[in-house]
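Two complexes, one shared chain (subunit A), two partners (subunit B, subunit C).
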Partner chain A sequence: MKGHIKVTKVYDDHEEVVIDESNILTQGFKVDVVSVLIGEDTEVPKIVPGYFQIGTGSVGYEVCANSPVPIQRSASDVFFKLDGPITDVARYGTNSPLLLQNLHRSFVASSIDQGSTYEEVFLSSFSTPSFQSSSLETSTTDNREWFISLEPKNLTKFFLDSINIRLVIDKQTANGVAMKEFGLFTKSVLSYKDDRPLLCAYKHLTTAITKSPTFKVHIDWNIGFLGNTNIYDNVTPGKL
Partner chain B sequence: MNNNDILNASGHLEIIKIYPDGKREKVFDDQNVITSGMGVGLAMLFAGQGSSTVEDFQIRFFQVGSGAPASYDYKQFKLEGPSLNLEDYGSEVYSSSHKRMEPDGSPSTDSEIFALIPDHVIKKSSPTSVVFNLFLPLDSSWDEDLNEIGLFMSNPLAALISGKSRRSAMVAYRTFTSINKSTEFSLLFKWKLSF
Partner chain C sequence: MKLIGEVEVFKIYEDGTSKSVIRENNMVVDGASEVIVDMLTTPYSLKNVDNSAALDCSNFMVQAVSFGKAQKLYGGSVAMSAAQTSDIGMHSVFNNRAFSSVYVAKDPTSDVLSSAWIGGVSLDGSSFRSSTDLPKSPNPRDLRLEDSSKTQIEFYYENSAAALSSYADQGIVTFNPTSATLLGDYGHNLNSLYASSVKSIATLHQGCYAPSDGMDLYIFDGSRTKPDIEAIDPEAVGAAAPYNVYLLTSTAKLESVSGHYNRVGCLDQNGFLRAYPLQYHPASATGDTSIGVSISAADTNSLGTLSYTGGGLLAGSTAFLERPTVCYNFTISAPDLKALAAYKGVTNIGLWALDLKETLKLEAAPISWTTPTNNRKYKLFAKKIFSEDLTYIQDINAGGLLASDAGIGNYSNLNIQWRMNFAFGDSY
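Here is the complex of A and B:
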């Protein structure tokens, strides 16, 4: 499984592709898959990507990803939050058409010090010896965060084994914000009653896009067996 | 694309002979191949399409067979010589006869025999891995040596094919050293999938 993201600035008279490359599928995606396989998740709609965050920071997972130490490399996708998500709803703009929701965020927690503290795991491998003494559990933040709510129209499917999510940051939204990171969240791991988003894919940019009213931003996110077996176009009930 | 950009789902299969006196003999221990059927199932799941029932996305069936190919990869979508007799799996294994999903989503021409994976043999070993303990009891036996096994997602296209019968998709596959499964021992397939 792979993730791919394409970010495009759309002006009135032309388009400018900012990035068109792979992204990182985070541990949250795997937590969701296992939750389904063992029956912890009981509702399919709760697993669907449902939320999005924009941030101005950058999670430095490359330090782990490029490490010569295998256990550090395996930690490179173990994070459940953006580095600098937009926390002030006003920064999205008063005229933004985006549907924003203030929700608790899910994460995997564990002790990293033999049980003295129990906290969100961040760029630490699940297989380090210190984790073996404590259980890894999903938990949620005490405070709420702002999330962009994805609607059914944002989710499309062109191939049997991949999905596409398109988010449009329109001209009236987030102007002045230096957008540098994007996070895609599933709705609710373990079927919490209320949605508690879990980060499943992440991408940060080398250079921030400072949003202005002169352009829209299209963010196209693909997840699946990309480029390998996309053999069946436009899945519809009638074709199968 | 860097390796950390990819969800490297992997699997590990151990095969253990268990004799009536309790003696255990590990006869196989190796990695296995996650097949593209997993991608179909997970894409359907995360797109909120295919089925609204979580059970349809669960790995609830397996097959054993005798047609191991010389080579295979993630595109493998079926066993090459699946067991065709319901009785072969023994008296303790519940089985089902239904269609398999082909790579384009269509059903296999004929129904096949699938062994049911009960709830109690599915264990979470970490937040990102799951273990299936698949058991072939003492009274299961085959005339031909077993040398391949596959795991199947129950019915990922359920909502798209409503009104039609179950269509299971193979999500993991492995060939192994030939085993002449007789009534002298039980077989335990300990299969770990890590995401």
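Here is the complex of A and C:
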């Protein structure tokens, strides 16, 4: 399975594709799918992508000291948060049409002391000798985060074997923010009454997009078995 | 991220020990991607339907396993004869001219199939002749295990200009199959003969599992010809047709082989072996995986399954967290292997999820499971082709005809673990 993201700056008279490339499906995605396939989850819509975050940092998942295959690849998909998500709701803009929610975030926590204490796993390998047990946890009451809520209209089936999530950051939203990372979250694997988003896909940019009122940003995120027939990999040049 | 399937087959010995005999990768087909994408796009709005369980995970899980073999081994081709037993399965050493009167019992007033049997020729006298024909090459776009699983009786029915009932004139009073008695073509082994109450020429041909109340298995020396092994009822000699014909000496015989899957009722007549999440498996306490397929979280390298604690992930297993794995664990018991061997073995297996769109046309969720029939429609999720027949068995004493040496009598249970790993791929 693969993820693919296309970010386009849309001006009044032309469009500019910023990136059109693969992203990383994170450990959270595996947790979601496996929980359904073994009948552990209660209802399938809980693993539907439901939230989005924009950040200004960058998770360095390409380098992980504890990678299971350190020689061939030193990356890790074991992380559950953005490096610098927007924490101040005011930065989204007072006139933003986006639906924002302040929610607890889910993550896998590990313990190295037989369960006495748990800490969020971040860029480490589960095969690390000190790693002993884990559970799925959520952030504390004081650590809620702001998430952009995806509506059903944002989610479409793209062919039979992949989905497309389209988010529009309009001209009035997040102006002045240097957008450098994006995170896609599923709703709530833990079946809480209120959603507890779990990071399922992540992308960071080499160069930040500093949002301005002169353009909108279209984010098209595809997840699925992206093959030869439906790959979304053609870089479209900007139109004049 | 990669979705990697791996199939491992264990031979289970009488003392309970096991030995891994095959460990190979499988092919995940397009059906899996469709099911997973359906998971990711199912809206909550469906919940508004009264009493609907359309959002249950069970609708998106693997729900069945099926077994099959190369298309040629089901019934050959239209041009072939059922006498070509080196090519096709049990039915057997008798040609298909009116499908042989061997099925007629000596007492014409009794159940004509009271002495139900499966016959086949042997390689060396005491085990079924396995086939080297392999199933078609796997393709991600496959919708079934094989393109066709039609047997000789289906070819005969499709190509006969005359109504089949007319064959009664030739003395084959029981040979009156109608399309209603023939099961569909699913591309894998059917379970047509699930009980003696449904024994007929049609079910004997379509096979492929022993009925719950048992049947006899015969093996005949491959060098024998049809006249060598059948005889006309002496009482009918000189009389006009219909003749009653019965079998002469076989080289090996097993009586009253009772199909385990049919005895415990976990296989429907279309050949789908039911799968359960571990927590709902009828033998979850005993770990008996011969009663349907057990689905659980698992270690990638373990014969045993892991208990799932709920709440997201299980504790204490670094291996599971490193590479989350779903394990489909099931056992083919020795009696079922014997019958499957008579029907030319098993060289491919398939994982099936529900084809929810088609199933919901017939029944609202939760979709019930009953045997021999139910409303479930399936979508192929993954398939595995083996280069060696899983039912192949080597005689203890090759060529020996002692009952204790007969290969047909020495089957052991086979445990199969099919694991789907969600690994961190090389590309991301």
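Assume the second predicted complex is superposed on the first by the 199 of 240 C-alpha atoms of A that agree within 3 Å, B and C clash if a C-alpha of one lies under 4 Å from a C-alpha of the other, contacts with A are read in each partner's own complex, and residues count from 1 in each chain.
By our rule, a residue touches a chain if its C-beta (ideal position, glycine included) is under 8 Å from a C-beta of that chain, and two chains touch if they have at least 3 such contacts.
This one's a predicted model, so the numbers in the text were calculated from it and none came from an experiment.
Participant: Applying the document's definition of touch, where does A:24 land relative to subunit B and subunit C: first, second, both, or neither?
Facilitator: both
Participant: Taking the superposition as given, does A:43 touch the first partner, subunit B, the second, subunit C, both, or neither?
Facilitator: both
Participant: For A:11, using the defined touch cut-off, is the partner it touches subunit B, subunit C, both, or neither? Pick first, second, both or neither.
Facilitator: A:11: touches no partner chain.
Participant: Which residues form the common part of the subunit A surface touched by subunit B and by subunit C?
Facilitator: Looking at subunit A, the two contact sets intersect at 1-2, 22-25, 29-31, 33-34, 36-45, 47-49, 73, 76-77, 108, 126, 136, 152, 155, 157, 160-163, 223-225.
Participant: Using the touch rule from the top, collect the residues of subunit C that touch subunit A in their complex.
Facilitator: On the subunit C side, the touching residues are 1-3, 30, 32-34, 36-37, 39-45, 47, 55-62, 277-280, 295-297, 308, 310-313, 315-316, 318-319, 321-322, 324-326, 420, 422, 424, 426-428.
Participant: Flag every residue of subunit A that touches subunit B in the complex, lowest number first.
Facilitator: 1-3, 21-25, 27, 29-34, 36-45, 47-49, 61, 65, 73, 76-77, 108, 126, 136, 138, 152, 155, 157, 159-163, 186, 223-225, 228-229, 231-232, 235-237, 239-240
Participant: Would you mind writing out the residues of subunit A in touch with subunit C in their complex?
Facilitator: Those in contact with subunit C are residues 1-2, 22-25, 29-31, 33-45, 47-49, 68, 73, 75-77, 106, 108, 115, 125-128, 131-136, 152, 155-157, 160-163, 189-190, 223-225.
Participant: Given the complex with subunit A, which residues does subunit B contribute to the contact?
Facilitator: Interface residues on the subunit B side: 1-7, 9, 36, 38-40, 42-49, 51-55, 57-59, 74-75, 103-106, 119, 122-124, 126-130, 157, 159-162, 193, 195.
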